[in-house]
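Below you'll find a set of structures to go through.
Both complexes below contain chain A, partnered by chain B and then by chain C.
Entry: the complex of A and B
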């Protein structure tokens, strides 16, 4: 009787234990699943849209309207182009612009093609000058008359076949829109780099200075404890609050310095400095704490002043910590969006300057996804860049601290 | 010394400036639109230009955060337990790296993932039960995004506190005849209780203050509170982020008042949770 009960109890206990263990497996697996899903979405959606061309081209589409006349016929070289216009010596093909939308681009251009003598008819400085049309230029709305004076029109919404047919009927194109490729992220990429450099220039000296003060100069007192706990508190503030601070303090400040618009990269850098100060101070302070006291003593007893000791002995030894702080900061800056939205705005711009308005990569994503038809493909492509930078930064930080631990242990 | 002061006083300056800016919509007269009414602000359920009521979205924020916390906490605690106590060494290290990577992903990418994938899933779940959703943007998507974002935060800190449980306690439990799983679930979790609670407090703080990802998936309901998870909703942070067009005037400045409320709520929540934590520790 006793034995049966005991067996039952053991069986039940085994079952409960197994359920418990399985639960932890499921929980841990959930995290793996989420990461896999995010990576799969970003890479599958983004890789087809990620190209070197996207990185270096402008966001805004530049439109030039030209007129072209043809007075001769051209040969399709070896008949190798499917959509070739013998009137103009041009072959066209389907293309994709940087944000993934279909466009019509020039595949081949004959050496003597009248396209090379197209005259700009826009009311700009370029009016009546020859426009440079090359292989790869994209064509849109085209209007003109055929040899009998019948009006002919085509646009990039048409099939290649219809477009080339229209082109071959025309002898004189009255107006043809040539588009530069838009949808690039050159401006945002450049902005992000400038933002990172400026922020580090502002935040690193202050953060390192604060760490040196706290670790080496400040005496144990209520005052020091208050400073340390305030720095801790700052790191718990949500980033959107920092955006507010930037909007209240730094936008008026930068405007006073002479910026024309309220939103500037400089205001963004100042705001990010405040966000990052606690991180930099804490990381540097930790690395200062592990420097053996004997180094300091040795330097001081050799007759060096305290300042000399700090700059020549302590700072070089704190280098790994400072490097970690820098890498952490870079990862944080490239991913930050809420704080920057209030100080840099979300209008994508191709003209980048420290005192001008433009967007970082994260804000670029915010911009292209907040409209009526969000462009997930390109957003995922930009996310690949952000993710790679963030992962590389956090992995290097981990590697550095592992090496530090080894060095100290050995 | 001066630099130390500057770094430390940042928090004081932040609070002071936002507070001053935050109360100005109720005091200053804005040309054309007058000033906002403080009473309406605190008790109103509708948020439109000229009619600013915050109570509805305040309830939304707390409601969504509560659900997200209830779901993410057990998952995080079990994950931490798995990493520290249960998994084989190799597996444990790789799961820990996965959690670390998740923690480093910026919120704009979580938001993008939420918009493109989670919204789609929620829309289909809605269709399954014959519920119409606004293309998936809903309270449910917001909760899911928050859960995903809270898990790494809570797990990382729980790991530290689970690791810190004294070995002799564990040995004592095993020596008394408890199985390994019983020890893990009763002794280890109990021993790490206060650290785990601190982790949850931090996670809640992150969820309350999360702005970008939430505003990308929550829709932007005019009235609240919205307790139906398949409906669009609005939180304090999404109100601050969305529809940001002008940079002056009453419609812009009132955001700072919302910011003051947000900071107050975060502070209040963390004080309350800390008090509960202390009560639990005394027992």
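Entry: the complex of A and C
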């Protein structure tokens, strides 16, 4: 009788164990799958658009309108170029700008091509001067009249064949738009860097100071406990709340400082400082707590004042913890979007200054994907850059923590 | 009391509480100038706590309450600036605790904190301090190396050199050999024997043989009270109190 029960039990247990194991495997598999899918989506979409040129070029497209006249014919050298204009000595090809849009670029330019004598017709300082057109310049809207007085027009929405055909019907182009390649993220990248530096300059001294006060100076009291629990609480507050508080406080403040508009990098840095203060204070406080009391005792027993002890013995030993706080903060600043939306806005600008409006990489993504024709390709490319930075940051945090453990152990 | 110059420390009616814990009970004691005084007694009897009172290290603990008076050279130490007091009364701790910096910087730390910046002066202080701590010959070629690379005994002698470097008059030693092996211990004991020419030394020790070997005066502590204090030879040969006798003959402790 007992044996039968035991066998039944064993069978049942085997079944239950198997079900549990399978469930665990399935959830683990789904977790990994989702992560892998996200990464794959970003890398597949982003890699083709990722280029060094994107990092260093401007976002805004600059247009120069020129007129060009031709008085001779040109040879297609060895018939090498498929789309060659014999009137102007120019070959064109398909290209892509930084944001992945199709453009028409100059593939070849004869050395005597009239394109080299194109005259600017914009109403700017450049008017009537010669515009520098070279291989790689991109062409857009072209207008002119052919020899029969028929109006001819082409733009970069046309096929190469149509464009070149239109070009060869003309001997005199009344108006041609030469475009600089836009869609770069130089401005936003620079903004992010300035934002990081300014935020750290503001937040690190305050955060480290607060940590020193809490750990080394504050006496056990209700006040200290209140501060500590407040810091714990604020580190969990959603950043969007800091964002609108920042908008209410810092935007008028920065305007008072003399900026023409409050939506500035400085306001962003001030807001991010508030977001990061709890993180920096907590991380630094933790690293201060693990410094052996014997260092402090030794220093004091040698006739050093408390302040000397803090700055000569305790802080240098807390350096790895402070570095960790810094790296965590940098990751946080790069990734932040909600809070910054309130104080910096998502307007992409190529002119970056502390007291000027421009936007960070995260908000750059938001900007280019929230319009009428979202550009997911470039968004993915920027995401790769952000991911790389965050990955480098978290890896170095791990390395530093490892080294810190080693140092403490040996 | 009429011969006050003879004493470095005079302790009067000292009581110390850690929270609700009465750690030191009504201590009265005089510490003679330029002698080695040993505090012995079982663990938790308050001898280290009393030592820390002498350079006001107990100030670090919020829950510590001290009543009674301690006079250092006839000045109440509570009226002295603790930082000033500690430059006169140096301290060596139970386990070697050099800072994680170079050997040179460890010894130069105290003088630097007290405003000595001149490199030549610092170098001289470091050299003499290391020589006095009989460590100089072992480390003279690697003063720039990290102090944590030294052996335990060398680290402890470095800590002694570090304490000497601020030119104190009294050196407090809190079980300085308890973390060391016998050879390192005997080196430290020899060192103490040399140092007593120049400094008043107060040493806390668990080891009665050590107290007998190196000290001129011994105080026996039990449960926060001084049971007996006297010349070491006298106390060990002819203890007046029964508890002292029980302890030094190894019946408890």
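In this section, the second predicted complex is superposed on the first by the 404 of 410 C-alpha atoms of A that agree within 3 Å, B and C clash if a C-alpha of one lies under 4 Å from a C-alpha of the other, contacts with A are read in each partner's own complex, and residues count from 1 in each chain.
The definition used in the following text is that a contact is a pair of C-beta atoms (placed from the backbone, for glycine too) under 8 Å apart; a residue touches a chain by one contact, two chains touch by 3 or more.
The shown structure was predicted, so the numbers you read here are calculated from the model rather than taken from an experiment.
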item	value
Room on chain A for both chain B and chain C (clash or fit)	fit
Chain B versus chain C as contact partner of A:237, first or second or both or neither	first
Angle, in degrees and to the nearest 10, that opens at chain A between the C-alpha centres of chain B and chain C	80
Partner chain in contact with A:331 - chain B first, chain C second, else both or neither	first
Partner chain(s) touched by A:355 [first = chain B, second = chain C, both, neither]	neither
Touching partner for A:253 - first (chain B), second (chain C), both, neither	neither
Comparing the two partners chain B and chain C, which touches a greater set of residues in chain A	B
First, second, both or neither for A:41, with chain B first and chain C second	first
Partner chain in contact with A:294 - chain B first, chain C second, else both or neither	second
Gap in Å between nearest CA atoms once chain C and chain B share a frame through chain A	18
Interface residues of chain A shared between complexes with chain B and chain C	none
Residues of chain B defined as touching chain A within the complex	1, 3-14, 17-18, 21, 74-76, 78-79, 81-83, 86-87, 95, 98-102, 104-113, 115-117, 148, 151-152, 155, 179-182, 184-185, 202, 205-206, 208-212, 216, 237, 240-241, 244, 247, 255-256, 259, 262-263, 266
List of chain A residues in touch with chain B within their complex	13, 16-18, 20-21, 23-28, 30-32, 34-35, 37-38, 41-42, 45, 206-207, 209-210, 213-214, 217-218, 226-227, 230-231, 233-234, 236-242, 244-245, 247-249, 251, 262-263, 274, 277-278, 281, 331, 334-338, 341-342, 346, 362, 365-366, 369-370, 374, 376, 379-380, 383, 386-387, 390-391, 393-394, 398
Complex interface listing, chain A residues touching chain C	219-220, 292, 294-305, 308, 312-313, 317, 407
Chain A contact footprint on chain C (complex, rising order)	55, 57, 60, 62, 83-84, 86-87, 90-91, 93, 95, 97-100, 109-110, 113-114, 159, 162-163, 165-166
